[in-house]
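In the part that follows, the structures are each spelled out as structure tokens.
One chain, chain A, appears in both complexes that follow, with chain B as partner in the first and chain C in the second.
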Partner chain A sequence: MNVQFLFPKPPPSIEEVKDADGDIDMLLKSQRQKFETKVVTPGEVIAKDTQYMRGHGTYLDENETHLASVAGVVERVNKLITVRPLNTRYTGNIGDLVIGRITEVSNKRWKVDINSRQDAVLLLSAIHLPGVQRRKTEADELQMRKFYSEGDLLVAEIQGSFQDGSSSLHTRSLKYGKLRNGSFLIVPPTLVQRTKSHFHRLDCGVDVTLGLNGYVWVSKPSSRVLNEMSEDDSEYIYSNENEPIGKDAREAIARVCNCINALSKSYMSITDTTISYAYEASLNFSVKEILKLESIELIANQTKQRLKA
Partner chain B sequence: MADRRRIQGPEVSVAPIILKSPNKIQLLDENLCRRNGRNLEDIRSIYLKTGLISQANGSAFIELSKTKIVCGVYGPRQTKIPAFSGKGNLNCEIKFAPFSCPKRRPPYRDSQEKELSQLIYEALTPSIRLDLLPKSTIDIYITILENDGTASCLAAAITCASVAVADAGIEMLDLVPACSASYINGQIFMDSDLIEEKRESGSLVLSYMPSLKEITHILQSGEVELNLTSQAIEQCTDSCSKIYSIMIDSLLLPIQNMK
Partner chain C sequence: MSSSLISPSELDYIIRGVDDNLRADGRGRLDYREVILETGLIFQANGSARCRLSKGTDVLVGVKVEIGSIEIDGTDEEVAAVKAKRGRVVCNVECSPIASQQFAGRGADDINNELTQLVDRVLNGPQGGLNLEKLCIIPGEECWVVYIDALVLDYGGNILDLIFMTIRAALYNTRVPKTVIEEDKEVEISDDVEEWERIEGWELVPISITLNKIGTRHIVDATVLEELATKAKLSVMVNKNGKICGIQKIGGGSIEHGLLNEMMQTGRSIGQNLILNLDKMLQKEDEINAERAKNDKIGFFAAA
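On to the complex of A and B.
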């Protein structure tokens, strides 16, 4: 009787694919291909298997079939299936940097529009109060409009989120606070990605703050270096007065704004690199011309090519 | 100088357009073909596009030959009146443009608009996952630019609003296509236009979720026999499945362009 020993072989159908976190993909190759850049519409079946976990943008019917509940791209992380829609409202995550607009001043808190399902709250205790570090007093409560009044723009960090989709903000650092000396614009929230820093100073001498909620602030750099302890600076951060902005600075701000608009219209991600590439590509046009469709296309193409290079 | 107290007539006079009485128009020819060349069970060809209103969170435009409707969806956003509700609110408003009908529509909201708004609300609510949106409101604003048959307008408005809601990225169970039918002389005319509608003895509007195979809303008016109704429901569900594929295409187009 001939006995033969074979070398152990890994099953051929499973291919080890590691993602960014070093997790190994456990799916069969044929199964994985089902998910690769698949676009679905509400009600469409994504997977019939019960082994998957239900993520955002999906739901289960009575047969335990996974169906899409939004129109978008199917994304899968191991067993978790989610559908990411093209345009949707922003949902706050702790630590996100957002730009918002005050909609209401109420008891000990402000309501802030951050492009979310619900307005965010900014508690009086969550802001940087003028003067040396201290507790809030009744006097602060009475003059809340001195800090932020309706319509003011501010940059803040998300401190926590609630079950109903609303979140609470804080501006306890001097990095955050009221926005002045610039221009505001809105882009789809999916285009702004999480990075180390969301405050950028471009080479053209313009500051850009990218809120993760899709709100963007383009401004002239502040000439003042802020000091946490100084009484004067604390008054200054809540001032409503714009600094004088020269003609060149205004033009640069307008150009950057139009470039960001061009990027968002061509659905390209918005980072400091793409903005500066788009800015350089736009120098052949006047500020006004950047808004034309032909120039948007040209700027987007040039930016894409430089990104690839 | 002319007398300013009198109303001066225009310099050029134009003969008034005399409309043919709808009762004299022949609806079917000898081959059972309708006036615009389609069969009894055919619906008009549809043009559907999303994302026309830039400031809305989601929007859609639908055109069925003469019928033209735009829809904008705003939200989900904070409910203004802070009455607590564990579910989201859906707010539908339909508006006929003053120039949309053969007769001028006054710009204020009339009872027909209120009724249609309520019907659209009823047709869409089962499809939208309002349980995921506590304390929030979704506003749907529909404007009818041209009306060619009220029943088909209602159906097109439901289809259009459903696509706009999906375009806004709001979670829903399924898209809701809707289709209308008219009963004329014991025959079913699918997706009837204004002239056919004037001659109808009754009508049916059906909203249907094709992938779940569930009817969200059904509206029947007028006089009809039972077997004709069940036949009409069957034909409407068939047409809804056809409309569904158009809705999917219109939703996927911007995503595929992105890639």
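On to the complex of A and C.
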């Protein structure tokens, strides 16, 4: 039997083009542009070329044409084509900051809803225990609801993931923990980008915590500066009591919430910059006017223009 | 996901916000969210409408009229005599599991039953507005049966109010074919769409205003989180003339006598205003639909 080895060689139509970093790009610039921020709907043809690799959110038909299986943005890494869905559940990555809601208290752990396909797990050993730094005791196990009970909102970091794909959380720093003094809202998780910090203090005197899972907490800044060593403070982080919130602060929180909703409705990315731009654009309206579709459009347009400038 | 849970601090924030007359989204206690209304979306139905609250509930209603036999049940002769001359309205409300996690599996059964019964009772009674006698074709034998099917597609609080609004809009959109009774008592249905008529009395169909008691005060058009903070709900059915056509109390909490009266009065005045606005929207919708018909663009996505 005659065996012939075929050596891999680049398809003839592709020229080797060097980009700014001197890397060899396998696609021509014109071809590359085809993929840049291209929004597709399910069944839409992405590429007819057979040289590409099929990634998430795509499928091949009988003619080996790449089609989108979800509505989203086409992304390409060399030859791998994927479609990132616009509307999707959150998939946890280690180190991500998320906001979650406790759904269940069970044996030495809490189940936390983080807008993912499965509830995340927060182990009793992964929280900041009150008092001086110590090991968890049996007493802690018996009073788990004193720390977090069903319905509580918390901000946490993803520590790792389990075999089945669910995430494990931790709240060991004083940055993390129970959420108070504010209002909760949900945006599509794709709109929140990974940044250096997800805790923002806006100029209008409102704190915003952007969870990568699309859960957002808008609150009045706490008047208390927490100290890791103080015993009082470590009790305080599990308190359910709100501080008194004045009417002005409440209005500012409501305005920021409505601005974030306006951004998410116009499908714009949500960062501290876009929020403050939208906030400034919204000052022409009263807080409840921002709920109207026309004002949402106006605010979104102004924000877009300022972003371009 | 966990749409039936709320944390103590959120609860406190909502209650104090209601006290301050400044809710979490900046609305006052008696402010309604913006309603988006479309009619005539379903080809096969005699009438249809879809209402949405911005960032929330989405309800689709289809109305189908069919010829059916008059049902005379019970032994009471007086009742039978009235029923013999009347058409019927059959309602069905379904909360789709895509709307919310809490409607998945058998979770929606209770709320479906509750809403269906409530809508059915309001529309079939004398306060329902519709002139059921006009729906009678041959007394004692045949009549039009109006099937009203409401589907809740998205859940953002205040379902009941939106269902009533959508039903009213769908009934406005409904046309009933003309019938001719031939000599051998055969019913002939006219094919001429131009001759089809609205159901008489659609304008008197009531809408519901649900007042949620939070803390010691009450609000209208609650969001999901606000509904979780609600102790007791009172739904007031109001028609165009400001007549109260029914009230229903939902939830375990209590309402004081004085507050009950106050809630009914607020419900009445808000309801009347809302109906005025809705009627304006319906008229505009008629013009839009006429325009759309020219372009052959009718259907579920035409409005987008």
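Keep this in mind: the second predicted complex is superposed on the first by the 245 of 309 C-alpha atoms of A that agree within 3 Å, B and C clash if a C-alpha of one lies under 4 Å from a C-alpha of the other, contacts with A are read in each partner's own complex, and residues count from 1 in each chain.
One rule holds for everything that comes next: a contact is a pair of C-beta atoms (placed from the backbone, for glycine too) under 8 Å apart; a residue touches a chain by one contact, two chains touch by 3 or more.
These figures come from a predicted structure and were not determined experimentally.
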Chain B versus chain C as contact partner of A:G182, first or second or both or neither: second
Contacts of A:G92 with chain B and chain C, given as first, second, both or neither: neither
Contacts of A:K247 with chain B and chain C, given as first, second, both or neither: second
Chain B versus chain C as contact partner of A:R101, first or second or both or neither: second
Which of chain B and chain C A:Q118 touches, first, second, both or neither: first
First (chain B), second (chain C), both or neither touched by A:D61: first
Touched partner set for A:G43, first chain B, second chain C, both or neither: first
Touching partner for A:G214 - first (chain B), second (chain C), both, neither: neither
Residue contacts with chain A in the superposition, chain B compared against chain C: C
Touched partner set for A:N258, first chain B, second chain C, both or neither: second
Doubly contacted residues of chain A, that is, touched by chain B and again by chain C: 119
Residue numbers on chain A that touch chain C, as the complex places them: 101-103, 113, 115, 119, 150-153, 178-184, 240-242, 245, 247, 250-251, 253-255, 257-258, 261, 265, 286-288, 290-293
Interfacial residue positions of chain A with respect to chain B in the complex: 37, 39, 41-45, 57, 59, 61, 67, 69-73, 85-89, 117-119, 163-166, 267
Residues of chain B defined as touching chain A within the complex: 57-58, 75-78, 127, 129, 133-136, 166-175, 209-212, 247-248, 251-252, 254-256, 258-259
Contact footprint of chain A on chain C as seen in their complex: 1-2, 5-10, 12-13, 16-17, 20, 22-28, 31, 33-34, 36, 54-55, 225
